[in-house]
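The structure appears right after this line, and notes come after that.
Chain nomenclature is as follows: A, B, C and D, assigned in order of appearance, with residue numbering initiated at 1 for each chain independently.
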Amino acid sequence: MLNPQGIALDNRELINSYLGVRQKTLDICKPLEVEDMVVQPASFVSPPKWHLAHTTWFFVNFVFHRFGIDYTWPDKYFPQLFNSYYKSQGQHWVQGNRGELSRPTVKQIQAFRQEIDEIMVSWLDRFNGDIPSEIQTVIRLGLEHEQQHQELLMMDIKYILWCNPSKPAYFSPASSRRGSAFLNPAPKADENETWSSDGGLQQFGVDLPSAEFCFDNETPQHNAYLQPYVIAHRTVSNGEFSDFIADGGYQEPSFWLSEGWDYIKENNINAPLYWCLEEGEKERKGKWQEYTFNGMEEIRRDVPVSHISFYEAYAYAKWANKRLPTEFEWEHFAKSNPSSKNITVRETSELFLENNLAQAYYPDETKSFVNVNGGLWEWTSSTYAPYPGYRSEKGAFGEYNGKFMINQVVLRGGCFATPRAHYRMSYRNFYQAHQRWAFTGLRLVEEKV
Amino acid sequence: MLNPQGIALDNRELINSYLGVRQKTLDICKPLEVEDMVVQPASFVSPPKWHLAHTTWFFVNFVFHRFGIDYTWPDKYFPQLFNSYYKSQGQHWVQGNRGELSRPTVKQIQAFRQEIDEIMVSWLDRFNGDIPSEIQTVIRLGLEHEQQHQELLMMDIKYILWCNPSKPAYFSPASSRRGSAFLNPAPKADENETWSSDGGLQQFGVDLPSAEFCFDNETPQHNAYLQPYVIAHRTVSNGEFSDFIADGGYQEPSFWLSEGWDYIKENNINAPLYWCLEEGEKERKGKWQEYTFNGMEEIRRDVPVSHISFYEAYAYAKWANKRLPTEFEWEHFAKSNPSSKNITVRETSELFLENNLAQAYYPDETKSFVNVNGGLWEWTSSTYAPYPGYRSEKGAFGEYNGKFMINQVVLRGGCFATPRAHYRMSYRNFYQAHQRWAFTGLRLVEEKV
Amino acid sequence: MLNPQGIALDNRELINSYLGVRQKTLDICKPLEVEDMVVQPASFVSPPKWHLAHTTWFFVNFVFHRFGIDYTWPDKYFPQLFNSYYKSQGQHWVQGNRGELSRPTVKQIQAFRQEIDEIMVSWLDRFNGDIPSEIQTVIRLGLEHEQQHQELLMMDIKYILWCNPSKPAYFSPASSRRGSAFLNPAPKADENETWSSDGGLQQFGVDLPSAEFCFDNETPQHNAYLQPYVIAHRTVSNGEFSDFIADGGYQEPSFWLSEGWDYIKENNINAPLYWCLEEGEKERKGKWQEYTFNGMEEIRRDVPVSHISFYEAYAYAKWANKRLPTEFEWEHFAKSNPSSKNITVRETSELFLENNLAQAYYPDETKSFVNVNGGLWEWTSSTYAPYPGYRSEKGAFGEYNGKFMINQVVLRGGCFATPRAHYRMSYRNFYQAHQRWAFTGLRLVEEKV
Amino acid sequence: MLNPQGIALDNRELINSYLGVRQKTLDICKPLEVEDMVVQPASFVSPPKWHLAHTTWFFVNFVFHRFGIDYTWPDKYFPQLFNSYYKSQGQHWVQGNRGELSRPTVKQIQAFRQEIDEIMVSWLDRFNGDIPSEIQTVIRLGLEHEQQHQELLMMDIKYILWCNPSKPAYFSPASSRRGSAFLNPAPKADENETWSSDGGLQQFGVDLPSAEFCFDNETPQHNAYLQPYVIAHRTVSNGEFSDFIADGGYQEPSFWLSEGWDYIKENNINAPLYWCLEEGEKERKGKWQEYTFNGMEEIRRDVPVSHISFYEAYAYAKWANKRLPTEFEWEHFAKSNPSSKNITVRETSELFLENNLAQAYYPDETKSFVNVNGGLWEWTSSTYAPYPGYRSEKGAFGEYNGKFMINQVVLRGGCFATPRAHYRMSYRNFYQAHQRWAFTGLRLVEEKV
């Protein structure tokens, strides 16, 4: 599943990385009230306290048990409650019912985290610098896993806060200026440039062993043939998307996939998630507001549109007489344009989840790659499928990726809430076509004539 | 809706009663964690924090607005969020979605309560002893309403705690002995006595003005004709009910109403709510355990069976070749037997919600009436319908009772969690036939030959 | 369940009655296409071919098996497919899935009917006039049962035809004039007279043995006490009901039971079933049309409103500042006014299901009783409950009535589609509060001051 | 959407082809009872009479209207009732509610078909041999469309008949021997041969204009790169699949996609659709029976397994340590092996839907291609996506394919019920991953080492 020849760390470095990632998760929850950590207003959302416990369960279940660290759960139901979906690891609580549980409390979960962290550190400490690669591998996976949950936490927190009619902000007013900078990166007005490729036979994915960490779904490296294509340097903006709305985009079935049309009609969807009109305004011409981590704000036309489903991305592209890129076109474009001038997230040092992160695995160089996208995951036209020659791991880790390879769409890039370590050209994110609570945007492509 | 010639209190007495009831609600929540106050594991349950806010909303909405007390809500969404179902009072948040809300927090709601209490007390204080009867009436209704919610709180708390696999206790071990005494009153082994009546034309309900407070659904007083009947002095016990189970009661359709049979089969019900078997045990012969406010306990055969639906009560009675009493038989029996020796709750002074309650409205005499029932509401065979000549109030208070008079079954008596003031012969409680989270039991009747 | 001392018939009379009722069922289906007999557009409707088979199953299951008539089902699945809900009679096909079955075909079911009829007749013939009372009893029940299904057939056929956008008529144009007369009985314009009663202790129900046939739910005879009341001589008219609509009746929650309000809002109900507006018309003021057995017709203000739910009847009564009668008030009124001049169905000899019916059980005298109601079943305010002392039969016939005594509302009277034999003062029909496809109307009552 | 330079026919040839295809549709329905043509036991099935009407609607809507043939619908609701899903063509009746309609009757629909056929023939007759290519194009599309519905008819009929507990046969006993030959083609016992390919850059799809008819989803021709692979010459057999069942395949989550596992557990699926055990048998070891067009039969181990979902195909392949082919591997294999000796359908002259078909478009040569597959559509691992450069048509025909390109899986080949004209290497069929009522099978692939 992951690179067995990854960076070897001595135990001090490993402990620092471990503690850095673990602390980051807690930091994300700091602005929350206890109540925010408990509720589950939609089945796809998890209570933040569940994320805190599940990421910890991962270490007990896969590190403690595998390497013989003796441990008694605080409660015999923990393994079941905090197993997400690993069938090989016994029963798991139904995902949609996580919000029914008032216990264990947030405090009890925090104590559980601290207890595990102490055991981990004291255990790692005993190695005197020389940590076996199998242990490094599993701990590394645990940290990558926890970082994925950091982004999920940001998604879930945004949804949870938004469900309250009072629309509370996540950022305090003091911090909001900085947050705002990330959330609303400003592309330049003249940024309509495109990049043109002749396509041809190209190489994609990663072969093991590789220098960088990767998930099994990025392997193996293989060839694929691209037709010539022309791709935009930037993602679609709020302004452009509101033109689509004003032009009746949500009322004209010919722009939509059949399933998408049914979905928006059944769910009364007529704008991106988190958009709403001021009272008394009409849909097509109204003044749109958007819920952000700062609360309700008027939309800014020049920032990338976000929180759209694949259905909406597809419909927009069809309205614009273009299309979405395949995941291979996206990867080819990204690798070919590491320092695109059409940057939309300008200062990587401010990337939200990056600050204060332990630096051992993730050296401080600015990854030019993040320049390519607009601080958002980008829908591709590719469905989530195994690469040719893909083999999922044996055992529990085999459940990490492979079993989800149906009826999901690939997103590429990474968003402002993605830990910097997860920004890589080959990373394959995936959601179902109707889902909108991830930080998603879209980039347009057209055939090269 | 309520007795306009009720007991007149001076303002000191009224303030004391008000503060006593209000404090009781908070006391009930003391053993809870913040997390317990937020979740809504079933649509019929409300988060405890919602009860705290809704009972307060009642005073703002019906006292402040009616009598011109100037007030600005802490948040413009409060009126909508904490309106339960009063259509005349504007929009209300969907009941089943109360658990989606993390805000306002428990602390904010407690501050809201305190603010309202301070305004109320300082306003009442200004009257110098002479409080107009209209004001007394509405405040009295607000307090009766809050007391109804105290019992609902106990029901909801039990359900919420039980949903956690760890089955946490509500009572601390120190207090549990006392609690246990109420929850598990022990009838004597020889208590199989019955009471026989010749029936005939009898009077039921209450005429206004009356000495005691009552709800509009208890009015007016009227005649009804009873056939001769024989009624048990005590309610059915756990032991008797487990015999019904062991005899295949949940597997034999002929005992059940058609709708009840479908309900238990669809919901895999084979015992009262809160009963479960030790692992590995079989349904019919197994050792039953029961979740109580003390956590999981082995069932005690000699205490009244509780948390059964009307469907289950009906099926048990049919299995026993008897039937449930009508609400009129029950009332006639209760009035005729104020000091039944078959007491099942022995020491009324310890009734759970009674202790420390302000005594102005509710003088300290022991109500012999509570002797009649087993500390449980009792299902009758009567559906909830208006008494002949019933008129619901005009305006919002008209929504209190009348609009629920369809597809509900009347329960009579009162339970250990019922405020003593609500124990009266004429009180009509009501639930839907499938509901089981109230503290419900059953008493048997047969025709007199 | 039924009167064991009923009219004794010799075998010729019994055969004639049997054949008459059986033929009537077929006659009702004559205007239908094969396709109309197969579909099930709603779960509460049954395909007409199912009624043909089920009423025949009844004789095989309860007569052939009980009295040792040897018989092999045409197909081993018949017993399961055509058992409606008798748990004691083995498995039964899920009611809502009856429309999934294309087989057995209509022809096969007709052949099955004919086969059973031939066996029955030849078996009865052998008795030479002297038929044991137990046999008479069961056959009589089978015929009463089939007559109940004749009315259900009319209800289901109307619903099935109406589901087709072309709104085909049931009556051919030639016959429609006669049909129309029944469906649209015209009350006189001055018929606003009422009847006033002092109430008091009265007798209701039937004691066995009785002269007339009855179902077990009409027994035993017993006393009930009535308050004084004033009741209308006629049912509410289309004109009156459309005034309720025009006055915003469907938009004002205070007229409605809480459950009724939720139901009409969830189901977008704003008029009786089968009413619709001409295109472009607005709800409150528009010209209403109504689907009848003759196809779409403009509503006639002077005929009784029909196809309303109990919720709608309740709301109308509340809007009119009146209420619905209890089932005892209705029965008392009907018995006291056998020849009311406010007739709304004028010529009983033309009652739809009466013509050509075998006359043995049902002598030809005009039952004055039908004059009382408007050719419609009338919602009462009484829920369907056992009479004091009620005992359901042992065995399968015990499933006929008793197990439905929850969450149903009693209707009294009988409609133009009710076989004349079922018109009796004590008959208790019942439907759920939301149901509208029966031929239902309402009559108003108020307290006597 | 389709090849504008298709075979040009003179009007006599065109009329013959038209009449041939139209008659075939009626022939398919001949063994049915009227009742079989009306019911809709699942929302994905359509009543056969609907297919008869919809395929006729297609000609009125796209030929008559486009080329100015004057026509008045028999009923103003026909356009809505028989529009399947063309949003651009106005309202359409909800698919899942087609079974609610008893009218128009089968006879009326047959008359409608005949009327349209007469108008078409007399209109085409007037051209005197020289039919404009635009007309040829649209008529050809109408015929291809009708042929697709012929296969759908076979699928729906099988499902409809099977829903009846009596499991009636479609074939009469006389014809069943021949039918059986198709349904149960016998592969040789030694047919475990595979074909090995080095992959590489290959050409797929079709460029317009092409010699053969095709749908727009098969265009344009383009390159794709294949990894080396090894593919089986025959599809998986019933015997092999029952070994998978016996080995606990439906009980072991690690073989399944997460979504597939949830689906089979929620729907209690433990064998292919139409398989069932003799009573009293246990799942893993029992004797399986299968519903075929001949009724219930014991499964034959040596015939291809059919009626499996993509989920089941995937799980089987994983259990066998292999995988499904991509649609490109399948196409490459098929083109490279036009006369595979591992034939599984032996006598193409008997292909079910081929007999008696008008031969103008479809000359009589045996297409060697059908030898490749086992008389079944084969699940690939490819999701249904546009080919690079794909453009859907403008207007209504643009709704034919493109709007379904999400959450569907591509199947390749063709089945015994597929009209011969649709057997082509480039044809792309598609169903959702859970669907099982199509004639589906699977073929295994593995990486070449």
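Heads up, the rule we're going with is that a residue touches a chain if its C-beta (ideal position, glycine included) is under 8 Å from a C-beta of that chain, and two chains touch if they have at least 3 such contacts.
What you are looking at is a predicted structure, and each value in this text was computed from that prediction instead of being measured.
J.: Kindly list the shared contact partners of chain A and chain B, in label order.
T.: Chains that touch both chain A and chain B, as defined above, do not exist here.
J.: For A-B, which listed pair, C-D, B-C or A-D, repeats its interface with over half of the contact pairs the same?
T.: Most of the A-B contacts reappear at C-D.
J.: Return the distance between the CA-based centres of chain B and chain D, expressed in whole Å.
T.: Each chain's C-alpha centroid was found; their separation is 61 Å.
J.: Between chain A and chain D, what is the gap in Å from one C-alpha centre to the other?
T.: Chain centres of chain A and chain D, defined by C-alpha means, are spaced 39 Å apart.
J.: Could you pull out the residues of chain C that touch at least 2 other chains?
T.: Where chain C is concerned, no single residue meets two or more other chains.
J.: Quick check on the complex: what are the chain B residues that touch chain C?
T.: 85, 87-88, 201, 222-225, 227, 253-254, 256-261, 310-311, 314, 326, 381-383, 385-386, 388-389, 398-399, 403-407, 433, 447
J.: Quick one: in the complex, what on chain A touches chain B?
T.: Where chain A meets chain B, its residues are 33-36, 38-39, 41, 49, 75, 77, 80-81, 97, 99-106, 160-161, 163-166, 168.
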